[in-house]
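Heads up, the next two complexes both have chain A, just with different partners, chain B and then chain C.
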Partner chain A sequence: MAENIIINGLVLSGVYALLAIGFSLIFGVARIVNLAHTAFYMLAAYLIYSLAVTAGLNLYLSIFLAIVIVVITGMLSYRLVIARIRQHEATTLIVTIALAVILQEALLKGFGGTPRSVPKIISGSTEIFGVAVLNQQILTFGIVLLLLVATWLFLMKTRTGVAIRSTAQDREVANLMGINVPRMEMTTMAISAALAAVAGALVAPLLVLTPGMWTHPLVMVLAIVVLGGLGSLKGSLIGAFILGFAENLVIFLAPSGSYLKTSVALTIMIIVILIRPEGLFGVVFEEERG
Partner chain B sequence: MKWLTKGAIILLIACLVLAAVSCGEEEEVKELRIGVIGPMQFQHGQHHWAGATLAADEINAAGGIQVGEDSYTVTLVQVDSNELVSVTDASSAAEEAITLDNVDVLMGTIRSEAALAVQEVAMDYETIFMVCGSSTVEMSNKVADDYDRYKYWFRITPVNDLYLGQLNFLLVGMVAQKIGAELMMPPKLAVMAEKAAWTESIVAAAQAYLPPQGIEVIGVWQPSDKATDVTAELTAIEDAGANMIMTALSGTVGIPYARAWEELEIPAASVGINVMAQADDFFENTGGFGNYETTLNTLARDVELTEMTLPFIDAFIEETGEMPTYNAGTYDAIYILKEAIERADSVDADDIVVELENTDYDGVAGHFVFDDNHDVTWGPGYITALGVQWQDGELVGIWPPADGSWNGVVYEGIVDYELPSWVVEYWTQ
Partner chain C sequence: MNILSFYVSRSYQFLRGEILVIPSRTIALLLCLFLLFFPLISANDFILRVLILASIYAIFAASWDLLSGYTGQINFGHALFFGVAAYTAGLLNYNLDLAPWATIPIGALAAVVAGLVIGIPCLRLRGTYLAFATLAFPLILLGVVSAISSITGGERGFSGVDPLAGSRVASYYIVFPSMMVLGFIMWKIADSNTGLIFHAIREDEVTARASGINTTRYKLLAFCLSGLFAGIAGGMYVHFMKVAGPSTLELLLSFQVIIWAVFGGIATIYGPIAGVFILYPLQDFMLSRYLHVPEELTMLIFACIVLIVLLFMPQGLITWLRDKTEKICPRCKLQNVATRSKCRVCTADLD
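Presenting the complex of A and B:
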């Protein structure tokens, strides 16, 4: 049973981490709680379905096009809507959730509620320590690790990454130092949307596509970033693993209560927040912001 | 000129009087307004609507519903309950249909939670409500508890969840026998039931009644009906040593379940209720996985339950391109209603209820008779339902067994149940 919990926990946590890092990035840099983040993930999944299944395009080309379209959509929504109201945090929350609901309703109108499936990049399964794991899950986990490392290297080792981190720490000082803050925020939005789209491309073949598929991941992502400390990438990563493993523990240890897995994970988040209101790494982040 | 003006006025008045008289003489169009309520963006609601439309078109083409010397045209009103997205939307949609669209009868719904809410609204307005989608026995219990309020409620499809439980056990028993005969081992059953009102009695009954019949229940897994991934549950079931899974899944979870079940080659035969596996596009939606998935169903393409079954299936497929699901029971519902109205010779709801209670009708899904609680009767000679299995990408009927071992009931078109090849391979290696 332990092998099952570890392997399934790793796979699920990886997916949550990919979504949470993108969400956390845009909050850390632009202080925007983008509740439409998982709607971008859903949009990518439906675009891949439309391009690969309906239009019959090559799967890899469909994934590439879907990521590009989602990045453009993310940037447009930032430029045309979010950037104009970002000073008002509550308004931003409402507007981004409205964007997500509009997208949901548009997909419901366009595709109906019938569940859809996206073809896998690789099918079949492999036994790891006696546990059957889908090859697509293994691929997903591998790419998630690569993307997390790539994101970290980008933020730590490139000029743009340093500029983004500077903007995250102090917008005004970054501005005085000659950093083009709006451009950094737009770049971050593009990266954030791209991470959501990649998550959609990787995970969509494992799930079923419905116009409501963005809501559960959004709840989990919010819980993860609050648990890890809003805006902290390290915190998001660790939060993703804590909640991913918590969900799997419920499935294996209390099977008849497996529908409660999300509630249990959220309860853990509440307990941590009661003890550390700033989240696991929130203080460090706040200190970084000066 | 004066006489000319007077003449023109008199002529005008005469024309108006004539027009008024001729309008009064025009035969008044009488209509019976039926609200078809379901999630219209989903296949469930679309099948509600398609079944109702077929029946209404046929009835109207044949002259409508006869009440005395009057002929009533059936007018359908589409009511989007949106219940699969938001359960609470269903009751407001029902209220709007009754109060604004002036429907005389409501039929449809799918989610028990939504159907229960719609039932309350319909009863408040003393409007007949014929369920074509929800199985919860809570609805019929209300008729027993407070007949005067709930007498306007009837269930057409599916049979109630107590009967569904028994049907599930019959299918489970058939598969358990197969496991005993082919794998030479006792059945070990895992229950995979979504957390919903309709599965509660099924889960409880499985735990109570299957062990005395030699079927060990090794665990119950209850994901959300909207879960998008159940690979962890499936690997837990494999880890627990199950060789059978009894399903009770009505939501979209049925697709990732069946897909992962075959792709992971979980060594347990899957049997029970998986509503997603009842639809034609199941195999497409699972990406070609889910072969051998076995589920209860109301209809199967080549299985003739009554003389009406195959012509209806053909007409439905011609109209929609899809095999009808149990939600298309609106077809039977409208014909049952028509017969009751014509027997009652009235469109008054109380009069219709009396005649609905006397229903004795051969429909598409079998022979309809309502019990004292207005539930459709299940059993040999009544509505039996079917067991169906995906074999080589085709949905075929596998229960009642072709040998007539279930109370002598035999339908044309039934084939033998097959154990999944990977299950046989795993346990015989």
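Presenting the complex of A and C:
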């Protein structure tokens, strides 16, 4: 029991962390609430299914292609749709929901409502401290850790990373310092979509794919970024681990846990923001200049 | 007799001076009259059902607008009010055999209480935090409702709730006039002093507070009012559908109401109502029945329509139409037809 909670908790939290960090990045840099974020994750999983299972391509090649296609989709939807209406906050919400619904319905049309599954990248299991762990789970967690470190290094050490962070802090001053703000936003969108796509690629073998699989992660991602503090990457990471483990604890320990897992996770979020309205590590955004 | 002729001539003057001079108001009046007498033309059960549900959702979308459009407190979990009222009314009717005229107000009161319960903790939050926090409440309740299936029927809900009225037409004549009356009340609230304060809170809360307005009280008032109207809609829904199920609390309904309201145009009340009456029939049957779109594509086309309309009219369809056909007089702030060069009342130049 305990080992199941720990293993599933780590894998689930890692995936949530990837999703939440991507969501948080684009919110921090461009102030866009991208509700289609987890739809990109679903799109990646389905692309891998169609390329690897239906078209019979090599699994690694199809994962790579899927990530590329999702990044292009993300950048196109940013350039063609989101960038045009981003100053209207409520409209952005609706348009990104509409994007997600379009993806969902397109997948439903293409693949039908029947659950699909993707072959594991590596099969078999390893025994760690006497517990059998699927190799896929180890791989998932390893790649998540690697990507988190890579994202952190990218944001902290590279010129582009610094430019992205300064755009997040203050768009106008960043612009005055010669940073190409629209390009930074585009780059961030690409990174954010790529993180979502990788998350999709990693969990696709562990889950069954249905065209409705984007809603639950979306709710969790929203809860995580609020819990951790909007715009704070550290907060998103810690929030992801808190809620990921909370969900698994409830599933394994509480009666009718699968119904209550979302309730408990969301209640934790509500309690935290009641005590700290800006979340655990929230940055209080200055009022944006008009 | 004198009094009667006085009122008749006054309302005739009002009709000529305030409604017939502006085409959009004339069209709205004609549409209302048409829908009011619609059952005389056709008593088609299916169309009446769509119109009844559209009216219920119109109340619901307008109540979202009252809270989120006017006060700017974007509520992502508006289904909470709908679901709380639906389950309260349904359970009271099912277990205690209370009639719909009693259960709907009690359900609405329960929704007001829900408004207070989520309003008080949410007072400290603003903007995006508030939106995401409110998203959580209906989902928390949904989990609880699914878990205690012995009382609530779990994921399938429970059926056997009394119908709203004996026949479809009678239900229509309960729901549609209530929609008009409640819509009018919401519009009046939004137009009153309170509505002005709601506007002020959305535009600049700090300044509103500095002007001596107790913004906390007004925000709570907005949550309660919005809960009241959404609760009435929820109660009517459960009695019309005769089923209380978890679909009244789902994420989709919370998103749906925002889609309707934003599509019509927020902070207008009539925008969301028009949005529902355009979008709900479209997504429910018009695409598949009259335009011969295959069933599985309707949702896709629906989402594309919403996307395209909002790309070109980010303020919403009705707001866009209003701005194209009407001008506001700079001196007396009255609406004028866009073709006029002078205000119809004060003859000031319209630019």
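We take it that the second predicted complex is superposed on the first by the 274 of 290 C-alpha atoms of A that agree within 3 Å, B and C clash if a C-alpha of one lies under 4 Å from a C-alpha of the other, contacts with A are read in each partner's own complex, and residues count from 1 in each chain.
Just so it is clear, contacts are C-beta pairs under 8 Å (C-beta built on N, C-alpha and C of every residue); 3 or more make two chains touch, one makes a residue touch a chain.
Computed from a predicted structure; not experimentally measured.
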* Pick one for A:24: touches chain B only (first), chain C only (second), both, or neither. => neither
* Of the partners chain B and chain C, which touch A:192 in the superposed model: first, second, both, neither? -> neither
* To do: For A:166, decide between first (touching chain B), second (touching chain C), both and neither.
  => neither
* Partner chain(s) touched by A:97 [first = chain B, second = chain C, both, neither] -> second
* Asked: With the two structures laid over each other on chain A, which partner does A:252 touch: chain B (first), chain C (second), both, or neither?
  -> first
* Check the residue A:232 against both partner chains and state whether it touches chain B (first), chain C (second), both, or neither. => neither
* To do: Report for A:108: first if it touches chain B alone, second if chain C alone, otherwise both or neither.
  => both
* **Contacts of A:210 with chain B and chain C, given as first, second, both or neither** => first
* To do: Go through the superposed model and pick first if A:278 touches only chain B, second if only chain C, both, or neither.
  => second
* **Those residues of chain A which chain B touches in one complex and chain C touches in the other** => 108-109, 256, 259, 262
* State the interface residues of chain C toward chain A in the complex, per the touch definition above. => 68, 74, 121, 124-125, 128-129, 131-133, 135-137, 139-144, 146-147, 251, 255, 258-259, 262-263, 266, 296-297, 299-300, 302-304, 306-307, 310-311, 314-315
* Structure fact -> Within the complex, chain B is touched by chain A residues 1, 4, 8, 11-12, 108-109, 112-117, 119-120, 123-125, 131-132, 134, 137, 205-208, 210-213, 216, 247-248, 251-252, 255-259, 262
* Structure fact -> chain B residues touching chain A in their complex are 39, 41-43, 46, 84-85, 194-195, 219-224, 226-229, 231-233, 235-236, 238-239, 252-253, 255-256, 259-260, 263-266, 276, 281, 284-287
* Asked: Where on chain A is chain C touching in the complex?
  -> 27, 33, 81, 84-85, 87-91, 93-95, 97-99, 101-102, 105-106, 108-109, 215, 219, 222-223, 225-226, 230, 256, 259-264, 266-267, 269-270, 273-274, 277-279
